[in-house]
């Protein structure tokens, strides 16, 4: 029997109850639901809509419920349908009448949007911190491998020698944009829906600016229908996650390749690889295979959410209950992918000898391709006297790398100054 | 410490263990894993690769493990990584040495594919049975609403009157194709990978035809690399589910529309709708909103699986571990969508009066549009003498429906004979 | 015969040539390719890498080519493979030797990224301007319909009365976030890859800051491998488009519903609807159906691009040639959707009478539900009896709307002040 | 001015006309539209709905129009909106009055479904023939490389030696399922919607069985609403294409890997690779990179179509006009992918020496792992010591492969008999 069921003669069938419940997943919002209720109760009291004593009972009850949940002692009930009604009903069980007044000037429609935005805001902070952590791991890996030159590939064919540091910093750049994209999303979502009520607002003298501020939002949302209907904030979050996931899938692919016997460029430590009972010599780079593989579910989660919202009229539709699981899954997955990538980066060694063998002289020529093209030998010489001498003997790979000088290039000095930039930005030290 | 970890000096880190484990979801395969092991043990014994007494110990142990799992008494262990190693290690704990011989001529690679195909085969049977059940509900609903005429829409504008039965049978047709698509998929997937071992087969004298037959497969798969690498059987299953989900999303949309006050064509019973504490007059068709909404995750699951498999080289890659959750989710979701749609169909009534009002005389004219077009009045009369008289008075909607006579049309007789077809096919009776 | 084909003994087969060509679609980049070449030539000359006279020949030649293309007189050649080689070879045909020097310190890899970023930057500006235009249309529509009250829906059931203006402004809010998301994307993408060359940079003394500035970029990209490999800027653009498309699909759904005979809330003018030869009374809201429908391809384009980039190793892979068509299609589609939505908004009238009939007294009660919450049953009854008697006379819908007073609510004053905000922001006047 | 525009006072705006037209892409259906019209005209005449002389005029006119189109002389007109109206209006221009009678008992709704099914049926036949062609190329490649042993990989780590033939036949198996999936789809779609008219059928005495048979359909569709509303036949086709595309993306990945200098297992001929002006030594396997990359758009097309159909009520909605372009694109792309893969297969050579070097002795041990399982540690050591001494001399890789004997394994005899199977099935000869 649902809480609102009393108005109906029959209660819903078991199949319907099971199909429509959300408590099995939306209880993940409990902390933010309680946070929202605290702010709401404080506001109601200051506006004279409930008494201070009611407010105090409510706050005390919420504290107790939060404690119970965190200790695993809270009895979640499916017949109470969702996280909001579970907490509200438990509050009533605990503190009686005052609990009922908490629903004044609030509806589950604005409540869930508020909870969800708070949850996503925290999620972004958690993801961004893991992005930074991975950047740190990559920069440290670069610092450890000063001077190591690897083939740069196009079409998976060796193209030009580049510093490994340069390649590692390419990932760092991509991750920086990933973080910045999330932070833009955070700014855009950080507006408070609370007080939009069911969809139209309320006639009661609430103060939306007070609750908004208490919850750390920039401001209340300007339009109550928009506040309860739109889910673009999660679409944007899952889009950002998808792009990060694609970046990591490319890192995964690359490190899986490099760990193959054919490349042999890197060896993961035992702590981040698996063996095979059949093949004792194998060291499988499973974590990076799974990083690559798990990008798929992050993309799938985004697609779910896009399909979900397509063609829905305003304002709330029950379909929207389906918005949570893809978001929870996407956030959990991307955090795992970032953590494990960092752990992998911390636990690999590059095999200088194998890499060296992959840098044949032919590769060096390409360094100068731009000068050779379509120019006469005389012109060639006028540009660079180096061409007067034997390029194969005069240059080693190390020298060839030094020739790169353009901003952003793989030249040793350029890369070194970029590395300085990141060491400073990430608050590391070069020693 | 993983079971294969002994070969390594260090065990994997916690983050990696958590990221790479699959036992939290692949334990859903336990029944089919045990089924496969039984068949494998029997075959090994008959081929003389293990003794009969070993086989008997194994079978007894497997029985006990199955009992424990079904009673919820089995201790799943994350350090034993996946369902196969949990069961195998538990078997060793139970029966000792013989258990170790079960792994003869088998690898986790062919084992998981076998389990998964068995699971999917059962899933298809379960989905098809729910499709039939929904078809039955729709046909019964049609039988209950003999003669009810509703507007047929194009562009969501009323276009032509049709029998409600005709519209309901359109869904039945679509569901029939859904079932047939799944059955084609079942035929195509019903080949046995067991004995492909890691990827290359084995030199031991196993009998793949015996295990294949014991497990109800059509035949063993012809190519061991294909057997362990390809996941097209689940891609096809999830494609079929997606198409069914799209069909159901359209049914959901239609019934949500029809339940609105503006249409007012149907009323769900209390047992399949929800109310609102604010709005006592409301009867929300939540189950059908969620049917519409949940189509999104079925599509998302398919996309996950497609992205997962894109660009993977042969044979097994750890990425493929990610193939299970989307399949489990898709199957569970589609089954719920079918069940709840049937339950909804069983619990709605159509509102004759509201529907009648939506059938203005203008609609009737369209019935004859084909005759009116470009013909002179004289020609018109030669084709149908009805045009001599006043179409508004002469015809009621009922008469207009009777005019439809082409095969497959909404004419009463055509629909009645189609209904006969489905009543017979679904083993119902008209009374 | 390809331009690089001379090095090979055979040229590629016809099937391969047809499969790998990109000129059929990447010629859309011609303007930005020429823009990039102008900046590059100017820089090469200032750095002494080409003479001023060479630069002048190049610039003159580029002017001529641009003129030819714009007049449709340019002969695009498939054997010249892509837009870059078509223009470069045509330049050589026109001005001879100097043209060949334009390729100094540049590769197709950095060239195409530069062109594509410039193209996307323009695309964003064009989309944002269409977003503003649609906002203007919606605000004007709101101004025209002062005071019109419509049902607000949840679960597509009438829930609370709201001002039509309030609902229209909800769309305006969503579009504002859409524009802001695109502008964030623009800021993040506005860095210059030119000078990254094939992937590693160059040893020639180029000035990347000069070309970057000449092309209106914020700065050159810091890492040459990142510059030529990453496609996150288009993934982000297509994500933003997808969210906008979902918003518009919801608008499309809503207006298609409202245009149905059952709702009857709006009538499109003939200039934005279609009729039916069968049904002269019908006015189909085709443009909004297609707005809803075309959201699908915008989502599909995003998925294509995500799948494309998944699992690609660094740096350039030929796969990436496939990045253009989804972007071109997404941008073209979203622009059409925005334009046509604005045109539709400019050409609809709301049907006051039909809307009024959809606002029964029951709806009003909900307005006061929040006040009833804290009252005893006895108090409730005394109030509810009063409502039974007086509500029809005492309250009109107009009065009920006025009761809403919270910030962001549908109350007349709140909405009026929001409307002021948008009128000012969009540079409109209320008269 | 649209053909139906006469009923309206205004015609649609240019933006709307441009946004809603379909002639730019649906003219691809011309052949099937004419085919359908021929069958319809013949039926109308036999049923006495038009005269024989009218029919003859119509058929003659259609012949002329087909000729014009095929010669590129037909003037497609956007103001005639779509392929049906272009041809119908041109027919009227050509033969006058009789042309107008062709629309008797037909609507664009059933007409477009009929055309589209006919088109898809042909598309399936064309794809299946290209699948067979690729199978032939792979089997021929296998025949050419008798006895060549390559490493089999798991986790992209060398796992066990396998015959190259065995790996090539794994693809052949996958393609066989791809073809069978398409053929199932063909059977399911091969029912005729013609005569469903707008949505409800007709009262005229048409013979749907006659047109169905004339067009090669199995039977007319049983339900007219289903006939014009559902698009599951294209969803299924695009699902099948997506699975094939994923298979080919895996082949693409594998061959790109094998063509890298690090693997060095295969060399494409000049006719299927590209070089680099920078790097004369490079042979880029572009066609296979693009095969891998183009899988993305096939998946994107499927997603577009799924999103399109989600949540659409019955029967026809204008959204459905968007169903064609993803289907055309998917079919064109998959055909190109198949053709080019076959061409690539025909033009590669495997590098025996490089492959041999990738088969170290360690790999051989795994072949015998299964036999080691049941032995005591003492026995194990005695055997493993023997291996230490003799394995290089005693066993060649060739001998190790012969040890595989299970059905479907990589053993020489097993593979040889599988090859016989495919040679026979594909009508090839071994010499």
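Order of writing sets the chain letters: A, B, C and D. Residues in each chain are counted from 1.
Just so it is clear, contacts are C-beta pairs under 8 Å (C-beta built on N, C-alpha and C of every residue); 3 or more make two chains touch, one makes a residue touch a chain.
Quick caveat, the model's predicted, so the values are computed rather than measured.
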| item | value |
| --- | --- |
| Size of the rotation, in steps of 5 degrees, that lays the CA trace of chain B over chain D | 180 |
| Pair sharing more residue contacts (C-beta pairs) when A-C is set against A-D | A-C |
| Farthest chain relative to chain C (centres taken as mean CA coordinates) | B |
| Mean-CA-position distance for chain C and chain A (Å) | 24 |
| For chain A paired with chain B, centre-to-centre distance based on mean C-alpha positions, whole Å | 32 |
| Chain centre separation in whole Å, for chain D relative to chain A (CA means) | 36 |
| Multi-partner residues of chain A (each touching 2 or more other chains) | 154-156, 159-160, 198, 257, 276-278, 284, 286, 289, 292, 295-296, 299, 302-303, 306-307, 310-311, 317-318, 366, 369, 373 |
| Parts of chain C lying in touch with chain B, wherever the complex brings them together | 154-160, 256-257, 259-263, 276-279, 281-286, 289, 303, 306-307, 310-311, 358, 362-363, 366, 369 |
| Residue numbers on chain A that touch chain B, as the complex places them | 2, 4-5, 7-13, 15-16, 18-20, 107, 198, 269-278, 280, 284, 286-287, 289-290, 292-297, 299-308, 317-322, 325-326, 336, 339-340, 343 |
| Interface residues, chain D side, partner chain B - complex | 100-101, 103-105, 109, 152-156, 159-162, 166-167, 169-170, 173-174, 177-178, 180-181, 184, 188, 195-206, 208-209, 220-227, 229-230, 232, 235-236, 239-240, 242-243, 246-247, 249-250, 252-254, 257, 292, 295-296, 299, 302-303, 306-307, 309-318, 366-368, 370-371, 373-374, 403-411, 414, 418, 421 |
